[in-house]
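What follows is a pair of complexes built around subunit A, which joins subunit B in one and subunit C in the other.
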Partner chain A sequence: MLALRSRTVMPSLGRIFESRLLYLTMFIGVIITIFSIKSPYFIVPANFLYMFKYTGIIGILGLGETLIILAGGGGIDLSVGSMLSLSGVLLYFLSTMVNVWLAVVLTVPLGLFLGAINGVLCTFVGIPPFLATLATMFAYSGISLGITRGVALSGFPKQFGVLGEGLIFGVPVQFLVLLFVFIPAGIMLRLTSFGKHIIAVGNSEHTALLVGISPKRVRFVLYVISGGLAALGGILMDSWLLTARPDAGLGYELRAIAVAILGGTHIHGGSGTLTGTLLATIAITMIQMGLQLVNVNAVWQLGIIGLLLVFVAVLNQVIGGGGLRKLIIRWG
Partner chain B sequence: MKKISKAFGGVIALRDVDFRLFEGEVVGLVGDNGAGKSTLIKILSGVYIPDKGDIYIGGERVEFRSPLDAWKYGIATVYQELALADKMNVVENIFLGHELVKNVLGLRILDKRRMRQRAGELLKQLLIELKSLDVPVSKLSGGQRQGIAICRALNLEARVICMDEPTASMAVGESERILDFVRRLREQGKAVIFISHNLEHVFRVVDRLVVLRHGRVVGEGYVEDLDKDTVVKLITGVLENLNLLGEEVREGTTGDLLDRNGSKKVRR
Partner chain C sequence: MKRVLWSIVLAVLVGWAIWGVAAERTISVAFIPQLIGIPYFNAMEAGGKAAAERFGVNFIYQGPIDVSAPEQLRIFDALIAQGVDAIAIAVLDETSICPAMERAAAAGLIPFTSDSDAPNCPARRLFVCQALNEDLARAIIDGIAIRLSPGDPYKAVGKIAFVSGYPTAVNLNTWMDLMEEYVNAKFPGLKIVARRYAGGTAAEAYRQAMDLFTAYPDLAAIVGVPSTSIPGVGQAVEDAGLTGKIIYTGYGSPLTARDYIHSGAMTFSVLWDPWALGYLTVWVGWLLAQGVALDQIPVEIELRVPGLEDRPEVAVRWIPEKKIVLLGPPLIITKENVDKYDF
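What follows is the complex of A and B.
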């Protein structure tokens, strides 16, 4: 009975789900509807602006995460949140020594360096990325707590706040920064050899090797990029709060992974789009904001995002593994 | 290739293998499963680095550290495992690792139009018909996938083309075309290494045969001096060793891999 029904219904359902972008858009629509019913304030313009401000950091980290997961081989970066915190703290210390804008410029290479350490561990040393970046997640976070003795450091000049709080023609600067990294990244992924190599490595390491692509080199570069993006996230965070918090990035690794997976990046790499990640960023941000409006506290917000991630992962498994039918058969 | 040896852990895949190839010649490489055929051509295409032994091209000693190095010397390979990226489309697969780019505002951007066009030409040359160039190659038939792997090797305009079981999953008509194509490559003066378990195909297309057994060369000769029965005996080890080549080919006075005059000089 069950099998019979699934045979007729599931293929069409599968086709809808295959079109990731469509269902993400629908998903966003559903979120807007639910929260609008719950709270009349949800879709007021001020909130919209606020939302786009929120998308900046999650989206930037999610971009790095997407690229790393795309390249397969168990690639994942659990340390993005800690790299964000540490970069933010380092930015603070730099800003006490030099002009804040110069400090901003210097923070990015520091982030790239943190990413490079991940890259070396995951590729050339050969530690599984899950383990390596879990280790650096604790290490980087430990360092930022250590050098600040656990206290938040404030005292950035007011004008530095423009990155995190500013508006240009009504558009949050954070969102512009997001586009500023997404557009070149999109061009890189779709229109350059390196982009194709990322996908190829994610498809099959063996194939990549046989056509002369070095999976290690490709993946290394992506960890470096992820570090640089995390530093950019740290800069935005400091600017937003005008404070460097040693735990500012806490929970952001989960959000970054969530937007990558929700956006349709295959968990084992080889397929995915940046548009998907961007839409998923908007979706996750809306969920967070909605939960905020209905007074769900931050810890539960993360918990709900975690649950969503599990749900999407199962859904991906179902779609990737030959559809619900197989799942139903397997489970009786 | 001189005195090539390669071991994987404890498994010795090749022992002191000498292998020579001349322009305009098709050499068949046959042997049982695990005889070392694929390993030999992977060494020639830069995938594996031999434990011992040297590779010479036109008298020059070369060292390949990656398939890119081999490409630079004009060696292209159709791997037994095809080396396709399943979720990528036909065009992307044909140009994988060798994308065509154009200059846009100082950036090296993929030239999708030119790649598409060239992919179409290559497929046409091999008379491979596909409904669309945009489908992921995982959706194609075994023969079509093999065709794409061959297109990739042809695209490189190589002087030496290694084909590891290029017809393994092809229907009669399709493999016929591949055999024709190999002959055409020979007419163009290219050197082809043709690996196949289908001895009928081998005999119809190659000039010379090399038989490997347990990682050693156990038999060599021109096809006109060999028959299928003898080759089967060599492959299975019933016949231990047979060499029907003149000293010049076997020993090689210069030790080259490629030598334009060589092939005529020693041909009997």
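What follows is the complex of A and C.
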């Protein structure tokens, strides 16, 4: 087996993915070990499961971000945090008019619509995604601040809190919602032709065009999906806080990008896995929660996650340049 | 595979070495500020630390790096998981923190509020209050009146204008309403002529103040309501050549007000002592955690807090109707004492 592998000049893309997932799993193992030793509260089942509540919103946004980045062409969605805030605020206004659960159902198409605006700007109008979504990031956040006059709106019925706060057999509903969107998305990416189109477009726009795939159409759909996911994030956030805050999604766009990159999605698209994003979300959440449990200052928590991202970026560079190739072959 | 295993072992050892081995059991009191890294909450932290040292408390100070209710919740949840004895929080958002407070109470922890309250949350045991809004409003108006009419302040005559922050800030609006009520009730010669809103920027406060000076050339006093308005209005007073001719006051921290108080542009400032507030918060948490049911005392009483005797303007009281531990009357900051504080 070993002899066979050392003959491989380049590890297949699949091999890099798998090694990435292996690293992430081991990394989570290391995190769990360190924090269990350091804090007696980390591995307590009730706490440990409770922690997964904090994966929900970041993971859902990270999923949309991963898909957009995967499809290449400089794809990125900086507006996910603002879309989250705006959908959350719209949900509040809807809930004052109709039953809250109906309002929840109506919020998702609103999110899809916000995403569609991004999609049109980035694909059919042709503004670079970084600029287009930067613009909508300010626009959406401005609208939510404007229509609320900057005030947090509360008054959701208490039973609405079940999505954000609820537990089923000790497992947070937020995490179940996360799995509920990740599993179909994973199947879509791996098994459907649309999933293959995403990867194809991300790898080479030109080739995709030649075989009759429209990169614009694929990317447009992904921006729409990202808007819908952001709305789902907004619903969870409202349910969790029982308050619609016009600034609820502030900073979430960067966290969403961070989990996508940490999960091994290549920033120029074409390679990456949803499992990677999911594991990265869990890893980052555990680190933050663990650092919180040992009372590390929030500034340092961010610093440590920043360092981690630098490390991953360097790792990506090294893998891309082939520096670690031999190691991967030997270890794999 | 061996190397991977070794690197895991190494990582674990390094992690252990960095954080050291954990603690023995003492009473722990946590305080979650609205955000960390600003002088105001730094002062509260310093006060809390001093109390922790004096009473042998393990004091945990953890807060978000920007004003974020979800982050406060995350920190609150982590503190519940750690099983600290008492958690004090400067509430950002009452509805979102209330269920967490209930969880804390159910887990046998003592949740209470400090600096900013959640009055409608039944799980909150009490509120450590810096100063009553009524007292804060009176301090400004009394200070203006006595300077306008030193003999009999109630005969003071003059126009007063406010430069507030955001029009939606509840605390600022409350203060302005209370000041206006107090003026209308007690000072027939005083008149509130304008309420301007500067948002959060000094530049806008400057513009609004200049505008007021033009609109009301005979303005007797101008009030910079939030700390964010203080530098802008102060600069405007200086630039308009009104230093010493107009009474300029507001709720400005000594650090923001210092330059203008020294130059004479600002007459006096009203706030409270966050160091003492932080100290009081930890003391209250320490008492509650030992089972002293401070919140069950049915009558209003004075509380003697060891270590706060020498702080000016501190007169701690328990007010049962509102379930408040009150720090004392507002702190009046003038040229004489402005350099004593660093918040």
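Keep in mind that, in the parts below, the second predicted complex is superposed on the first by the 292 of 332 C-alpha atoms of A that agree within 3 Å, B and C clash if a C-alpha of one lies under 4 Å from a C-alpha of the other, contacts with A are read in each partner's own complex, and residues count from 1 in each chain.
Assume a contact is a pair of C-beta atoms (placed from the backbone, for glycine too) under 8 Å apart; a residue touches a chain by one contact, two chains touch by 3 or more.
Bear in mind that the values here come from a model prediction, so they are computed numbers and not experimental data.
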Task: Fit-or-clash call for subunit B and subunit C when the two complexes are aligned on subunit A - done: fit
TODO: Figure out whether A:I213 sits in contact with subunit B (first) or subunit C (second), or with both, or with neither.
DONE: first
Task: Residues of subunit A touched, compared between subunit B and subunit C (which is higher) - done: C
- [ ] Would you check which partner chain A:L302 touches, where first means subunit B only, second means subunit C only, and both and neither mean what they say?
- [x] second
Open item on the list: So in the superposed three-chain picture, is A:K196 touching just subunit B, just subunit C, both, or none of them (first/second/both/neither)?
Closed with: first
TODO: Look at the superposition and give the distance in whole angstrom between the closest pair of CA atoms, one from subunit B and one from subunit C.
DONE: 24
Task: Of subunit A, residues touching subunit B in the complex - done: 187, 191-193, 196-197, 199-200, 203-204, 206-214, 270-271
Open item on the list: Under the definition above, what is the set of subunit A residues touching subunit C in their complex?
Closed with: 26, 29-30, 33-34, 37-41, 44, 47, 50, 53-54, 149-152, 154-156, 161, 165, 237, 240-243, 245, 247-248, 250-251, 288-289, 292-295, 297-299, 302, 331
Open item on the list: So in the complex, the part of subunit B that touches subunit A is made up of which residues?
Closed with: 46-47, 66-68, 71, 77, 79, 81, 83-88, 92, 96-99, 101, 107-110, 152
Open item on the list: Taking the touch rule as given, give the residues of subunit C at its contact with subunit A in the complex, in rising order.
Closed with: 1, 3-4, 8, 11-12, 15-16, 19, 22, 36-37, 60, 62-66, 68-71, 73-75, 77-78, 81-83, 93-96, 99, 166-168
